[in-house]
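Got a structure for you, written out below as structure tokens; questions coming shortly.
Each chain gets a letter, A, B, C and D, in the order it is written, and its residues are counted from 1.
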């Protein structure tokens, strides 16, 4: 075990990904949480913000402008979209960064502008950002100053899709992703749409045909395919706190079978601690990975000949956000990758 | 309003569809509940079986062999698979029947045998059975003695798909149905898989590639297409009691647009009291129809050119089971179709 | 059946009690919904506010100042606290009123000022207000112009407690009410505290020792006891949409037994359509009454000698709010009391 | 950190407390899970029983008769009632035991027989059993061979009540406990009562006046009071997986105030790592402690003069079962008490 202790700052500590970073980092042997920012909650005791964290020994909640950047080795940024670009552009160069917002995930400024409706405000920084789907970007992450942590849906979808597309066992142009997420994905800001009574005992699709995680999935799949591809992506809101399931309908390339897909995935993830290809027949459930950094994948034959169904389950707050962020930090600083991320799934 | 009063029997009154039939028929002005069967619960007071129904004026729970068929005009049958065939074959001819089991839905005995693993035991009765998706079978239902009430998933999927396939705006061979259901669909028999702690706070697909509602959907879509078609159908279990959402990914026929689909559906259901095409942009949620006999449909453009996304929401216990059964009864006996089925959705 | 058709207005139609009034009144044979107010949502189509109600034939959502009071026989008022007093004071005298807010429930202006922190703004109107716990105020409600509809917790607690206190079988000074409510009780305004993720998979008490329903319970129990009494009342927030359960710990008067309590309650509610004393041993569950106007009560022996446990379950949006409001309207206008309120409970 | 590694056996590994023991022990630095028993599941892969645990390195599921006791230092027993007595009586003497069943909690054989309906079958073993509410039994647990791990409800209730009764600030004869539990408390055996659809969206009390945790609470409170006391205890089933909240209504002794209670509790738990007295005004929620071994307590003034309300929240599977069992093991073997139990609560 390495004996280094990194000083970490968490910007946006009052959001759900912020709280999850605290939960995980508080027990990480190589990290000391040294700064917490939370704009509107600055100055409040943690007890008023997250009582479940109030009994940990934590620094006070500050405004960003009051954070002492000098002492920080690593900054996790969970700020709302747009704010992020300005804040990160101003950080001293010794601070390495894992950004959990969407701001630095899209490498093409034109695509960014199209989906976000305005020009990117930190193009220089954008250029050096590494898209941190750890299992597929380890070398780049190692040397990166700024890692753009993938979105939750892209993580769940890309983990199975990248190896399948790269090895040409499925057709990259006919990928249909039906995704389902728990409500933490919508954040902690009070909105009518995520009130208990609006969400429980029911289900619906949202952002149909236009969710902002789409270009992110397309960017990475296009890289894997070696050409531009479009994907069909439809997210649904499920009455549960955590968890994300991607049900992916794929068309096999000529001569390929469900078994080919399983072999590709099994080989791709043979040595990965956090990605498991489930035994034949097991349907990955979000509850198999709740609270853990694991991704559970499986492949099933489809009824339509020449098609297959790929299932992928993660905890959106862990592998889909804060856990993967810490995994990236571990890689950046040469800490063994599973350090601080060995929680067994919490079930029931 | 017609003044006739039908004497109705409910076989399998202790299941969830049985209880839902009681809830609805107890307030139906043209029905008197005259017999209730519930094998293992026979002889028990309703208070022990369904306390929420205990304060209604209901006949006792009997064994099937003790039911006095003589007096019954209509029998609703919610018995488990296989039992049904024998029981219904023995009913006196004056009893008309709406069967909520899967036993009489598949018209081809070979298909039945393939999916259920044994020969059908009442082929004579099978021949006269009418598949009762009411909006598409009204004339046949009118004259039927035995109506096979559609499954919940087939109802949600076929209501939008039949008009789209019939009018050749989508390709019948490339229909991908990702369906999500509440837990009542799994019935009331105690099983580990449907315990609260196994189902809440999580999500998973089940019966992937082999759910028994698949041949039923294929049978009706093949009829609509005029040729045999296969469909991709993947159900998911969602932590909610009621509700079913079908997210259907379709390929447009040459020259067709999302608007063509909307027009076809709007025209098909213009005069239907229970099927609504939602205004552009509204994502149908199961909670919009909870407790009601409504089906809410919408169409969205897909990101992949030439594709569209069709959404369809029902309450699996109402339009997906007991409500549609009563709708069929109304049609069979010439009672106005909405009678007893005008409950406004219960939200929240 | 009376053939009169009342023109009804609903103020605050965009709240949960407003939506529930629409659900119930839309099928009430003696009511026409003639006006709907919803300040911030005025002018919007119902589809944007409550899609599940969008397919009913309803008047537009207006600002209160635009409502044509002239045509209205009955006004249901579900406005936020304080607003109510001013609005209702300005209504023309032919409009009879059922107020679902807390504004007119406390008859003593000093108690009102103590709990709400300011003087009452419509004391004249307050004087004529009738506290509308229908079963115990029928005669007064009949003649009332303004009925103050009871709070949900007071309804659940007072229905069993009033007969027990009046008949001197329990000690009025030692009543401990542990109450549990679904989240609709907190309303539809977006607040962090009622987000899905803050409420699901957990439980807590709130307003401990100081909830505003306390003086309302005390006022009515004091009336029943013939002297001022204090009660212990602790509400809890339960991860469910609807339903309220009061678990009430009472001390028996000398010589009284659990059986005495049962007899008192059975006699008190023998002829009441909406209040049922459950058979011995049945534990009233909120799901027994979901969506219905029923109250289910039972009494159990306590382990501490001389004590008993009283349980009372209602649907907070029906008998605890909109259903009871309609019940009061029926009484006010001489319509049979169960009209429009015969929904069987929705379970599961 | 001690370097010893204990070989642990878990009997009843297929139950929820068994799974929770595995979750926690799998990451305990001083434990090797050496044997797992699960009668009806013996021989099955863990994947079929608990997929979320399938990727850990675990011994196979065996029948009890096949367990090699010789190698075990500590046996956790989560068997159903009655089975336990016989199995534990036959264990070799070098195995120390933490029993999670109710079999050894009641020290008086007559009380046991009264509540369980038959004579105790292992009275010799019973005599040496230590009731393991760790904070109040540390010395006895240290030397014990057999620790009877407290029930979940008794743990939640006794942690605040024992110091209050011992220090004479409340009256021991007037303690009313209204408790609420998540559904894991009911175990994993399939029963209609704990199906998702029977439990979700609702609430009810159960075992009113006769729950078997009552004599356990009375036994320990009687010890604290120095005389026999009866308590009022009413459990409720809440639609959540984990968590337990005890709302306790107490009468103050003459001259005592809410502040006295707070002082007693604060002092009693000043040095305890797992019991926290919350700051004034914070209402302990089960979600503050989910997945952790913590107990969060607070005291509030009651509206009835001379009364107070005590709130206590735990995770029923952790501090209420498996976590406390490991805490007891740590004490028994001289391992620092928090080892393996430092999980931060999982929220949301």
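Here, a residue touches a chain if its C-beta (ideal position, glycine included) is under 8 Å from a C-beta of that chain, and two chains touch if they have at least 3 such contacts.
Values in this document were obtained by computation on a predicted structure and should not be read as measured data.
By residue number, over half of the touching pairs seen at B-D are also found at A-C, the match among A-C, A-B or C-D. Taking B-C and A-C together, the chain pair joined by more C-beta contacts is B-C. Chain A and chain B have CA centres that are 39 Å apart.
Per-chain CA centroids place chain B at a distance of 36 Å from chain C.
We define each chain's centre as the mean of its Cα atoms; on that basis chain A and chain C are separated by 45 Å.
The multi-chain contact residues of chain D, meaning those touching 2 or more other chains, are 16, 183-184, 197-198, 200-201, 239-242, 285, 287, 290, 348. Within the complex formed with chain B, the residues of chain A that make contact are 173-174, 176, 178, 180, 197-198, 200-206, 208-210, 214, 230-234, 236, 238-243, 245, 247, 249, 283-287, 290, 300-305, 307, 309, 311, 313, 348. Contact residues of chain D toward chain B in the complex are 16, 183-184, 188, 190-192, 194-201, 239-241. Interface residues of chain A facing chain D in the complex, by the touch rule stated above, are 16, 19, 22-23, 26-27, 47, 50-53, 55-56, 183-184, 200-201, 241-242, 276, 278-279, 282, 285, 287-292, 294, 342-348.
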